[in-house]
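The letters A, B, C and D name the chains in turn, as written, and every chain counts its residues from 1.
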Amino acid sequence: MTATQLTLIQIDNYGPWTVTPEPRREMDLQTLQSRLFADLAQFVGSRDGYVFFTRFDNMVAATNGLDRTDHALLQESIGNRYPVTISLGVGVDEVPIEALETATERVQDAGSAQSADRAEVLGGEFHEDSGDGDLRIAHFDVNDATGKYTDRLNEFDTFIEIEQGYASLMRYMREAHGALSFFVGGDNIIAICPDLSVEEYHDAIDHVAEEAGVQLKVGVGRGATAHEAGIGAKHALEDCRYEGTLVEFA
Amino acid sequence: MTATQLTLIQIDNYGPWTVTPEPRREMDLQTLQSRLFADLAQFVGSRDGYVFFTRFDNMVAATNGLDRTDHALLQESIGNRYPVTISLGVGVDEVPIEALETATERVQDAGSAQSADRAEVLGGEFHEDSGDGDLRIAHFDVNDATGKYTDRLNEFDTFIEIEQGYASLMRYMREAHGALSFFVGGDNIIAICPDLSVEEYHDAIDHVAEEAGVQLKVGVGRGATAHEAGIGAKHALEDCRYEGTLVEFA
Amino acid sequence: MTATQLTLIQIDNYGPWTVTPEPRREMDLQTLQSRLFADLAQFVGSRDGYVFFTRFDNMVAATNGLDRTDHALLQESIGNRYPVTISLGVGVDEVPIEALETATERVQDAGSAQSADRAEVLGGEFHEDSGDGDLRIAHFDVNDATGKYTDRLNEFDTFIEIEQGYASLMRYMREAHGALSFFVGGDNIIAICPDLSVEEYHDAIDHVAEEAGVQLKVGVGRGATAHEAGIGAKHALEDCRYEGTLVEFA
Amino acid sequence: MTATQLTLIQIDNYGPWTVTPEPRREMDLQTLQSRLFADLAQFVGSRDGYVFFTRFDNMVAATNGLDRTDHALLQESIGNRYPVTISLGVGVDEVPIEALETATERVQDAGSAQSADRAEVLGGEFHEDSGDGDLRIAHFDVNDATGKYTDRLNEFDTFIEIEQGYASLMRYMREAHGALSFFVGGDNIIAICPDLSVEEYHDAIDHVAEEAGVQLKVGVGRGATAHEAGIGAKHALEDCRYEGTLVEFA
């Protein structure tokens, strides 16, 4: 049984800031957002967690192994180096979507995302002493995306294919299993999952093939942290490549 | 009549690199990708272009105003500072998807995205002396996304809504008009468009409302560069907010 | 009695790389160096260590609290994201210069800084379970630097003054006490010291006033980590400001 | 005859900010400073200028080729992405120190570096249409620094040697010629110079050898921009290496 600790990272009052006093240069906003994400990826990632860019003003992280002190330090450090601050909500649950529900509520309860009075919320519960089986990470990619898309279509039409596959998978995994699937670039999707069987992964892949016409494969790993589970998933996905299979467990 | 110059930015042989000799830590890849994007955003953006992260290993930029020398310098500078290199293809056309088609072909013709022998391609045609009417940028956002989604739903369910809205818009705009729509974070989508009428924008908004149940509004700007057109679009979108309208032109 | 753990960070074979195949653009090298330093500052700093830019191709860090696993992860992460790799040597001693001597030898013994065959050395001994008194940090600044220099002289002549003060202090502290003093920007110098008395700090300040004509003051802190000792030193330096004194201990 | 355009970049009211409301974590300050410098290096460098970190809160740039619009954009972009803002003063003169004097006065005249009321000053004169002979860059390094120092001494003692050589050169070049010399990492010093003869460079090298016991060599380049002059200087320095000479002109 999994016990996933998820953190919602929300930039405080970001929307109003982007247009005050005038709309700011879009490329400066893009730079700010992507560098903030990169800094979170390094902080969380070097503690064996995973963070996903999601909507950039709201990001989701798998943070088993990071306690309240780590979260407070992250918040302080961002506040020291950016013109914006971040709020953090944390939740733990067997089902990822439930953990995120709790995490989000901790932030929402303190005020609106566009409130000038709410800043640097830090709330939630932490999972102490994560164990080997606490996290499941599934790493999906598209079969022969380079040969079928990247080397043949123009980049936007390739992107549409990948995007439709992702939109289909994200909905299916969330509705069927409460799992959270994130596009991470190229043709890769990483999902934070509860315990699922080989058949359940096959069903997800079949669903996307039918609904979006995109052929996925997946490697699945487990571990006490996102990195442990995720690196297992990556190796399992390499196994898929060599064996020509669609689902492999680490 | 527009004359959009688009650049395809493709990381050379990136997929194989990410798993050689072993799969690399995911958060290091995420950091590398998002910082590379940020650097491109600064280089292109400070020359009044726009760049979109798209799939991160393949990015699309609106580069009216940047010539071959600028592109060569960008390529050299990235090669000096990253463990990977980039190829660049450039195309110009009235219809954005056609410009990207040309841009992509310039890179594809030189070899596969996963070829170890192809690096730092720089090919294409450049649009000299961009004029006032050469670019159209449409800046969409979701009506009251904070009140309806961010402050109410958990972040993933909010993300699903935004994502479905985006998936619907990107397909529609590409098929109906050859326009390229990019999610840029939060509830914002920026589209590179040909000349379109107020009615055509209303039709796009209606389509997304019907297909995905997401209510968009849009500001549209024009200019000799993406920044000029884009800042006009932002101001027009502010007008929508104050006027309560769905489509405004700068 | 202090027990300082110091890490030498050396970019492998960097000199030759900067001119291969041709001399690289200087501003790209400056960007690479300063961002590498920033990444080290975040990794080490968020674990309560301090890192100093020194010569940029060789950096020195106070790493009490960071073990071999932390060092290995840092090395791997830099290797994943930069076109260069780093070697790390670690030493522990009561006298900072002795700790650095050991740290440096660990790297030197594996080969030349300009050897193409030596990469990613990781050698040395680690101080387990740092205690409260293990580190002393002294934070110096120049009395009224803004009024006397920055607001009056051109920036280079100001810099010469600060620089001569630093050159004098660094030599004195190293020779008299085996302490390592680093310029950290503005008019600030941070020194990693053994146990020193109030008088010994007064002597150092007097020496710099006489030799370089620059009037320093200093706050001194202690702790199990560089951050603990350093934040104490900063508060003590604030005390100097309010009290008008030259030496304060936290 | 040279015509050097220099820009002083000063972080507004930085000292007070670093201790408000409490002293901030030193490694966050170091990260902020070095990343700000890196961003300036990219902006200025990709327009063929050079920027030097100097004291980090005050930086000096050789900006021939960058006009008022470029400076205003830089200032706006930094203000959009950092928790601090920058003031810019610009001056042009045959003698570098005179250009910096003017540049500094433009900022000083608007208020103190530690004034809460002064922000984003942009003042000065710009050199239009730089010509081939407008800039002289001298690139010094230490003869066999790796063999004599880096591979033999501990890093701090190596640093002391390099630092004393730098302190000696910076003073001499400023006093004798109004030239500005900046340490740029490793064993490298880059100087912005007026027209100097081979003999004058030999005299500078002799002075440092006598005063600090450090043996330098130097390559000198000229151009319409710092990059042009600087890349010439680098090639000339390579010539010194191959020829075993101490002074080479491009």
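In the analysis below, a residue touches a chain if its C-beta (ideal position, glycine included) is under 8 Å from a C-beta of that chain, and two chains touch if they have at least 3 such contacts.
None of these values were measured; they are calculated from a predicted model.
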| item | value |
| --- | --- |
| Centroid-based (C-alpha) most distant chain relative to chain D | A |
| Of A-C and A-D, pair with higher C-beta contact tally | A-D |
| Chain A and chain C, separation of their C-alpha mean positions in angstrom | 37 |
| Geometric centre distance via CA averages, chain D-chain A, whole Å | 42 |
| For chain C, residues that touch 2 or more chains besides their own | 25, 28-29, 31, 35, 42, 45-46, 77 |
| Interface residues, chain A side, partner chain D - complex | 24-25, 28-29, 31-32, 35, 76-77, 80-83 |
| Chain D partner contacts - residues on chain C that touch it in the complex | 8, 10, 14-15, 19, 23, 25-31, 33-35, 37-38, 41-42, 44-46, 49-51, 53-58, 60, 97, 100-101, 103-105, 108, 112-114, 146, 150-160, 162-164, 167, 170-171, 174, 180, 184-187, 190, 227, 230-231, 234-235, 238 |
| Complex contact set, residues of chain B against chain D | 39, 42-43, 45-46, 73-74, 77 |
